[in-house]
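The same chain A turns up in both complexes below, where it pairs with chain B and then with chain C.
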Partner chain A sequence: MRKLALAAAGLLALALGACSNEANDTAANKTDDLLASDWETIATEAGGQEVNMYMWGGNENINRYLDEWVAPRLQKEYDVELQRVPVNDAQDFINQLVDEKSAGKKQGSIDIIWINGENFKAAKDNELLWGDFAGKLPNFNEYIDPDALEVAEDFGEPVEGLEAPWGKAQFVFVHDEKKAAEPPKSMDELAEWVKENPGQFTYPALPDFTGSAFIRHVLYETTGGYEQYQQPAADIEDLEQRLAPMWQYLNEIEPYLWREGETYPESLAKLDQLYASGEVSMTMSYDPALAASEVMKGRFPESTKTFLLEGGTLANTHFLSIPFNSSDKAGALVAINEMLSPEAQTAKLSPENWGDLSALDFEKLSAEQQKAMNEVDFGTATLPLEELEGNRLPELSSDYIEVIEKGWMENVAKD
Partner chain B sequence: MLRKIKPYLLLFPAIITIVLLFFGGLFDGFLKSLGYFPAIGETEFSLKAYSSLLQSVAFWDSLIVTIRIAALSAAISAILGAIVAVALFMIQETSKSRALNFWNRLFQLPLTIPHLVGGYVIVLLFMQSGFLSKILAAIGVIDQIPDFPVLVNDSFGWGIILAYAWKEAPFVALMVYPVLARIHKQWRDVSRVYGAKNRDYIREIVVPAILPAWTVAAFIVFVFTFSAFEVPFLLGVTYPSMLPVYSYQLYSSGTLADRPEALAVNLVLALLTVLLGLIAYYFSKRWNVLKGWE
Partner chain C sequence: MKKNYLPAKAFLFLFLLMFIFLPFIPLVLTSFSYNWIWPNAMPESFSLSAWDYVLFDNSSTWQAIGVSLLIAFIVTAVNIILAVPAANAFVRYPLRGKWLFEAIIFAPIVIPPFVAVMGIHLTFLRIGLTETIFGVVLAHISPTLPYVVRAAITSYSTLSVDWENQARMLGAGPFSRFYHVVLPHLMPGIAAGASLSILISLSQYLITFIIGSGQVMTLPILLFPFISGGDPAIASSYSLLFAGMAIVALLILDLALKRYYKKKQAAAAIKGVRE
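Right, the complex of A and B next:
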């Protein structure tokens, strides 16, 4: 009896397996043709598809922009349904894709991913991305300069059309004017400020994205500039010694940090919470307009302002990409193209929606589109675009970031 | 014949799910912890991850913290849970059933709240700039907010213990109360006849009756807090972290090549949990939680 049941189950499994394999193969062939077909065909095929976009979900503004601005337009104009799937960290879906790849899953549930930096590198190295699709997008061809360094490279890694730029971000410090009237202008001044105001500053524990970015500023300023890190990490023989002044700096300020550096906020959300409730006087953000939108929401005090370092702050481009096993690639292409439209980018620029800098080449926009972008109100907490533009530092390539994130645990947190 | 296989058929979906997801995941983790990771081109087996783990100070620090916090959480929630159960039992004797129902529901309330939400509630209430601290500062009990004791993200782990004590005490009470409810009313009268006071009654009858179920409940809490992630992630410190958080830190920072070690932590955790579970099972069998009742 039992044998019979087992045999039946086995047969069933085999049959199911065979079916899904067949379906997989035809679907795979179909999507490979997609890169060769013209935009009309793609747009027609996209109709009725349901696109799952996996992205960091920690910011309500960004979520709302997608759910209430982007998704309804896609639905209306292309009959594409955009489903936002929030994740805590981009690494989560990279992990999922690695697993799906080793399991041979050809029809994945992830259609669009929001990535950059080390996650892009990991995805590219492990061949988790679909292909050279950016050049297929009409809005990419019309409004973006593919040879600009910030579009052609992602944290030093050549993009090769595997992802399309969605926006630009720049690191800013956020402070409460009432508590820190004259914010520090360099890492040295920050150290002094921290010592004079014990318990009023901290940064998110690595591997938090923003905490990691903060430390890269320390690296640039304490070890003599970013230029030396424009080569692969493996080529610098004395890397450990070069990093030493950074660990020294971080350990030196540690006793004066929030909770005497005994612990660090586990996420940027926690640091923002500490700032909002007045426990610390500074926070930070890789999004120059985030503070303004938090003030608008009434979460951050009215006296909130942002500042940059004299030596500049890190800036990067963030991208949208399509995984190798996306089930609805046509829909994904249409959705990404729509998110690169001047209208979508202008809406994204407004702190009410998100406040993310546009990925488009300003010069390529029509006079009318330029005007629309210039008219966006940034609130008092956001620095002028020119000031941000003039103080940008290039990002560090991800092989360094891996070394630094591992080293932080050993050299700073553990002590 | 259909009748004979029906139970198996009904169980089939559940068994498949468990085998595939649970054991499949565990097995996959086990392979990766041995360095077998075809997706990044690693197909050799080795115990490297385990040996480097056992040699790292961070792992042992983390293990000690984990045991300390789990033991304290279990002990405190066990004591609180027992008090709640006995209190409910005493109320049952004196008050009307509606009032009893109310108290019952009240103590069961934390059971319905997810751990993550519970942990966040503790953060908002007990952090130095939290709700409680602001109220105390406003009414002048403390001069300023930093005078409030550090209860959240403290290196001892009081925040985590607090969250678990609050969340798990009702669970212990839920395990113990049914045993108490089986104590016949007459026993109380008989004990009174022999001159036993309330205190004697609790010591001589109530405590021995609940002891087996109570110990098992405490053990379950210990094993659970030992391997749960979200509360220590929210309420713990960066270093040393509890083992599940330590595994997450290893898994999410660094490269794919660091994954075997992160998964080795998980395997060690799973092994310890199984061991503790077996011990708990052994005691529950031996003491036969319901012995003498049937």
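Right, the complex of A and C next:
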């Protein structure tokens, strides 16, 4: 009797497994023709689809921009329903897609993902992305230069149309004008400033994304520019020796950091907290307008300003992509195209909505669209767009970042 | 006699104040704060914007609370149905290899859930259980069941078989033996286990996220990105809401328990009059 029950349960499980796999097969073939069809067919097919966008959900402004600006427009104009799914870390949905791939799930619920850098590389290496779709989008073709380095490459990894640029980020330092009237303009000046104002500066501990970016600036400035690192890390034989001045610099300023460098804030959020509560006079951000929006929210003091280094700061692009097993690819294409429209990008630029830099090529916009972008009020804490654009440095590829993160633990944190 | 309790009571009060009540104060202040800059002891001004976002602009909050409670109560009901017979067998039957079964049931306490949930995810993907409330309920059972079984075992080990034998001699069938003799004795243990099961289920993030794949929205799923993202006002509002939800869930359980005892008492009183 007992054996019979066990056997029955086992059979049931097998049957369930078989069913779900068969149901998946037929629908999948249809969507692959999508890349061959024209935009009108895609837009018609998108009508009535529900698109799930998986993205980091820890910022009220960004969430509101999608829920209150993007979603209603998609609904009205294309009858596409955009559902935002908040995620703690982009790594989470990459892992989920890896599992879905190995389990053979062909009708997934993730339709759009927001990624860049390491996550894009992981997704590309594991073949989790649908295909070369960017060239299908009318707004991509009209307003974006596909050959520009910041669009064609994502942290050194060729994009190949697998993702479409959504916005740009650029590293800025944030300071309180009352406490640091003359902000440093280079890493050397920063070191002097730190020594004169002990306890007023620190950076997030690695592997924090922004802390790691701070150190890349130190690398560029103390070891003689970024040009030498435009090749794979493995090709530089004396890499360890080349990195030595960077560790020296970081160890030199360490005793003058917050809490005498005995400990570092574990994340940028913690550093922002220290800055907001007035314990340190500087913080940093990959979002040039973040300081302005924090001032608007009353979290940062009114005297908050941002500054760049004379040698430029790192800039990167963040992208939208479609996973291999998205169930509503037509809807996803329409939604991404809409988010690349000049109107959506101009709204995104405003710190009231989000304050994220536009992904579009300014030169390709009409005079009217250019005017609309120029009229966005950035508040007093944000630098002018021209100043940001003129001081951009390219990112390092992720193989260097691994070396630096490991090296920081050994050379700086442990000492 | 009464005087002897006073220091103990005072100590308990202080303890509750310091470790349970006080930590809530900054949380409440932060959730309403606007412009709270060190070294001010109090925020300079107050704002309702965080609460406004959490409660009204974001319609998914209420839905998430509903889904969280639904899952927690189903999980707890299933746990009780599984745990009572299991505890009965553990305590009363000389099972061979009992330690092995116990080890399997209590393993989720020791093994980090992340390890198990990765494997569960793959299996659930193949049989189509991901992205469903049913799948999330199944996955929540593994970290919660051990606590309910533990509580039921403790209750069973203080219940002598003689009580049931006596009832049997008086002519009670298996169902009324369980309902009138065993269940009243197990009730406090089940209530303790159920409270833990509800609380643990409510606070699951990782398991819900992985098995629900973002399609089953519970409150922790909305809350976590804000904690790590560093918007203290919204994170505090969500945390308070979470605490409120947990307290309400426990109150519901408490109320149900009280009603059960009242009914019992009333029944006993009626019987007493008849006899």
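Operating definition for what follows: the second predicted complex is superposed on the first by the 415 of 415 C-alpha atoms of A that agree within 3 Å, B and C clash if a C-alpha of one lies under 4 Å from a C-alpha of the other, contacts with A are read in each partner's own complex, and residues count from 1 in each chain.
Assume a residue touches a chain if its C-beta (ideal position, glycine included) is under 8 Å from a C-beta of that chain, and two chains touch if they have at least 3 such contacts.
For clarity, every value in this text was computed on a predicted model and none was experimentally measured.
Aligning the two structures on chain A places chain B and chain C in clashing positions. Of the two partner chains placed by superposition, A:379 touches none, neither chain B nor chain C.
Counting residues of chain A touched by each partner, chain B versus chain C, the larger count belongs to C. Touch criterion met: A:110 reaches chain C, while chain B stays clear of it.
Touch criterion not met for A:311: it reaches neither chain B nor chain C. Residue contacts after overlaying the shared chain place A:301 against chain C, while chain B stays out of touching range. Contacts of A:59 after superposition: chain C is touched, whereas chain B is not reached. Touch criterion not met for A:245: it reaches neither chain B nor chain C.
Looking at the shared chain after the overlay, A:146 reaches neither chain B nor chain C.
In the superposition on chain A, contact is made by A:102 with both chain B and chain C.
In the superposition on chain A, A:272 makes contact with chain C only, while chain B stays out of contact range.
Common to the chain B and chain C contact sets on chain A are residues 89, 99, 102, 270, 273, 277-279. For chain C in complex with chain A, the residues that touch the partner chain are 34-39, 45, 47, 49, 53, 57-58, 118, 121-122, 125-128, 131, 205, 209-210, 213-215, 221-222, 224-232, 234.
Chain A contributes residues 1-2, 5, 9, 89, 91, 98-99, 101-102, 122, 126, 199, 205-207, 259, 262-266, 270, 273-274, 277-279, 402, 405-406, 409, 413-414 to its touches with chain B in the complex. Within the complex formed with chain A, the chain B residues making contact are 1, 4-5, 8-9, 12, 37-40, 57-58, 123, 127-130, 145-146, 150, 153-155, 233-234, 236-239, 249, 252-256, 258. If you check the complex, the residues on chain A that touch chain C are 13, 16-17, 19-21, 52, 54, 56-60, 63-64, 67-68, 85-89, 92-93, 95-96, 99-100, 102-105, 109-110, 267-270, 272-273, 276-279, 297-299, 301.
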